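One structure follows; several queries about it will come next.
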Amino acid sequence: MGSMRAIFLLAACLSGQALGLRLATTTSVYDSGLLDRVLPAFERATGVRVEVLAVGTGQALRLAERKDVDAVLVHAPELEGEALRRGVLAEPFCLAQNRFLLVGPKGDPARVRGVGGILEALRRIARAQAPFVSRGDRSGTHLKELALWRAAGLTPRGGWYLESGAGMGQTLVLAAEKGAYTLSDLATHLTVGRKRGLVALYAGEDPLLLNPYTYYLVPGGPKAKEAAALRRFLATEEAARLVAGLKVEGQALFQPLRGRCIIPGSGGR
Amino acid sequence: MEAAELWEIALRSLWVAGLATLLAALPAVPLGLWLALKGGGGFFGRALLYAGLALPSVVVGLFFYLLLSRSGPLGSLGLLYTPYAMVLAEAVLAFPLIAAFVLSGARGRVEEVRLLVRSLGGREGQVLPTLFWESRRTLAAALAAGFGGAISEVGAATLVGGDIRHHTRVLTTAIVVETRKGELESALALGFILLGVALLVTALLIILERE
Amino acid sequence: MSPVLKAQGLVHRYGDFRLEVPRLEVYPGEILAVLGPSGSGKTTLLRLLSGLLLPEEGRVEGGFRAYLPQAPPLLRRSVLENAAFGLRLRGVPRGEAWARASAMLERVGLGAKARQPAHLLSGGEAVRLALARTLLVEPGVLLLDEPTASLDPANAAQVEALLREAAGEGKGVVLATHDLFQARRLAHRVVFLFLGQVVEEAPASLFFQRPQDPRSQAFLEGRLL
């Protein structure tokens, strides 16, 4: 059984054919474990293997543009809208959402705990010139952060505003080391940030912090049929249950959307 | 991370780096010997080769990505994000390493070997094969160096392999993922395996060449 | 009798140094000693005679000449494989080459060490091995550069015996040396080189008893090194 599989894999490798459906996603999605939870069920049900490439958001979209992947799962609505208009991506399916959190040191030097909204929190940080770590990597999280500063009417600049250029986990480690604030997703905060002494300082209901994860097909990819099959699977009850069931220490990381969300620039869905 | 997956990743690292080393050695060893015979290949030959030692792996990775991408000139081969793409990129990185090692090791023996072959009435064309066998110590070291470079490389492996679990994930890219996820203990364990594998293979080559 | 080696009008230069040998012949069975102080051009002359170095002017004629440098290079192989190397270069099949090499190693007193790695040999053994390797390719002329310079008397005597044997078989032997006693023991004829010039050429007995040139006299009296 195992050796049969090995022989099959070897043969597939030697023939130079892609083994399965290639899905590009962001490192934060990959590292959250969401796909590890959802994809095995799909692979069992359909026999289609899914190869996941965890890359930056920008790179994921470039991979789609060059047809090197068959589908993407990303969370950068502004970039997605642009890619949809250019026909690089198609048929969006809103899989899940979660919320960004503002995390920072326990001492909370900018006194953001308990403020009414995220924009007010950011203004306080800027006023206090308290250290803030930005991802600085054009990822979904980074783009969201920039949009928030813009909405707050601020241009963050100065010695207190640090850009890590790294993934979420490393950015949280950096923030903990520097006693700085940063914007994070819940999953990475729970697995990395909290262990290093960061606390969630703003996790309110502010709709600005919503973070939708959308699955897209790449038109013209060689595994278009399989990519469409995965889209159908993600719409099932079973997939929604798997998404909702992903928990870290009792907290659900994602809320299933089952296709109900708004994609900026694409009209409603 | 489970032990089975760890083994799988370690084994994949071994064969990818091993195949890349062999692929690179096929042209690199004769080139190194030939340059040694030609008195070191001249200033430009040597400068070019030594510049190759500083070839940044991400640049090689980017080059192979563009070459093998479905929109690239060799896209129809379907090699991108397969272990074979990693083999190709790592072979290119190991090539100057192996050739430079062979060159610097064989250069010191060229005159001696040529004198011997010629003084016994041998032809100039017999110098190279003799030098090849005389340099086997150096060749072993060169292969070890090429292998060490290939197995510890991460930039090109990520760009053309894609770090796909159960398909192209190798020790170095796994370390990146584990570190990113904050699983520093797993990352460290993988790091020790990488060190162990590199040491083991190098030791094996040294033992082999001692006859 | 016709010579096995014949050189005419040889001129070779490097830098300020100029080697000039108008005429030199070696006859079968003859041992010719090339004497001279350091830097007189002995090694250059031997290399020119071997054909490994091409002269700027003049020419060298003769059959196959084998050259044995002062520190003969040994391959990183066994003693036997080193001995058989010249035969293998000539395409002699391995079995035959090894058999002939074994016999030759017995002759030079290295039979017991045939299977050892060559780099473990002593200096004297290394020279005998190199000599065995050279004799196996059956040169018409042997050109040896200071073959016993760093050997103890016992090893030197063995090498000298082998050279006499080779000459006895009709080979020409040219020996560059600054060991006067060795030249006296072995040589039939002597060429004395000084600063690249042939100062004197004479039968050995004559040269050692009544050197004609004052520089030869000085050399024999130990006043030239």
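Every chain is named by a letter (A, B and C) in the order it is written, and numbering of its residues begins at 1.
In this section, a residue touches a chain if its C-beta (ideal position, glycine included) is under 8 Å from a C-beta of that chain, and two chains touch if they have at least 3 such contacts.
Owing to the predicted nature of the structure, the values given are computational and were not obtained by experimental measurement.
Colleague: Return the chains common to the contact lists of chain A and chain B.
Modeller: Neighbours common to chain A and chain B are absent.
Colleague: Could you name the chain whose Cα mean is nearest to the mean of all protein Cα atoms here?
Modeller: B
Colleague: Which chain maximises the distance between its CA centroid and that of chain A?
Modeller: Relative to chain A, the chain with the farthest C-alpha centre is C.
Colleague: If you tally C-beta pairs in contact for every chain pair, which pair wins? Let me know.
Modeller: Of all chain pairs, the one joined by the most C-beta contacts is A-B.
Colleague: When the C-alpha atoms of chain A and chain B are each averaged to a single point, how far apart are the two points in Å?
Modeller: 36
Colleague: Using CA atom averages as chain centres, what separation in Å is found between chain A and chain C?
Modeller: Averaging C-alpha atoms per chain gives centres 81 Å apart.
Colleague: State, to the nearest whole Å, the distance from the C-alpha centre of chain B to the C-alpha centre of chain C.
Modeller: It comes to 46 Å between the two C-alpha centres.
Colleague: Which of the residues in chain A end up touching chain B in this complex?
Modeller: Within the complex, chain A touches chain B at residues 13, 16-19, 22, 27, 30-31, 51-55, 66-68, 167-170, 172-173, 188, 191-192, 195, 222.
Colleague: Within their complex, state which residues of chain B touch chain A.
Modeller: So the residues of chain B in touch with chain A come to 69-72, 77-84, 162-165, 167, 177, 179-182.
Colleague: Please name which positions on chain B make contact with chain C in the complex.
Modeller: On the chain B side, the touching residues are 112-113, 115-123, 126, 130, 133-134, 136-137.
Colleague: Looking at the complex, which residues from chain C come into contact with chain B?
Modeller: It comes out as residues 50, 52, 64, 66-69, 72-73, 75-77, 85-86, 89-90, 133-134, 137, 139.
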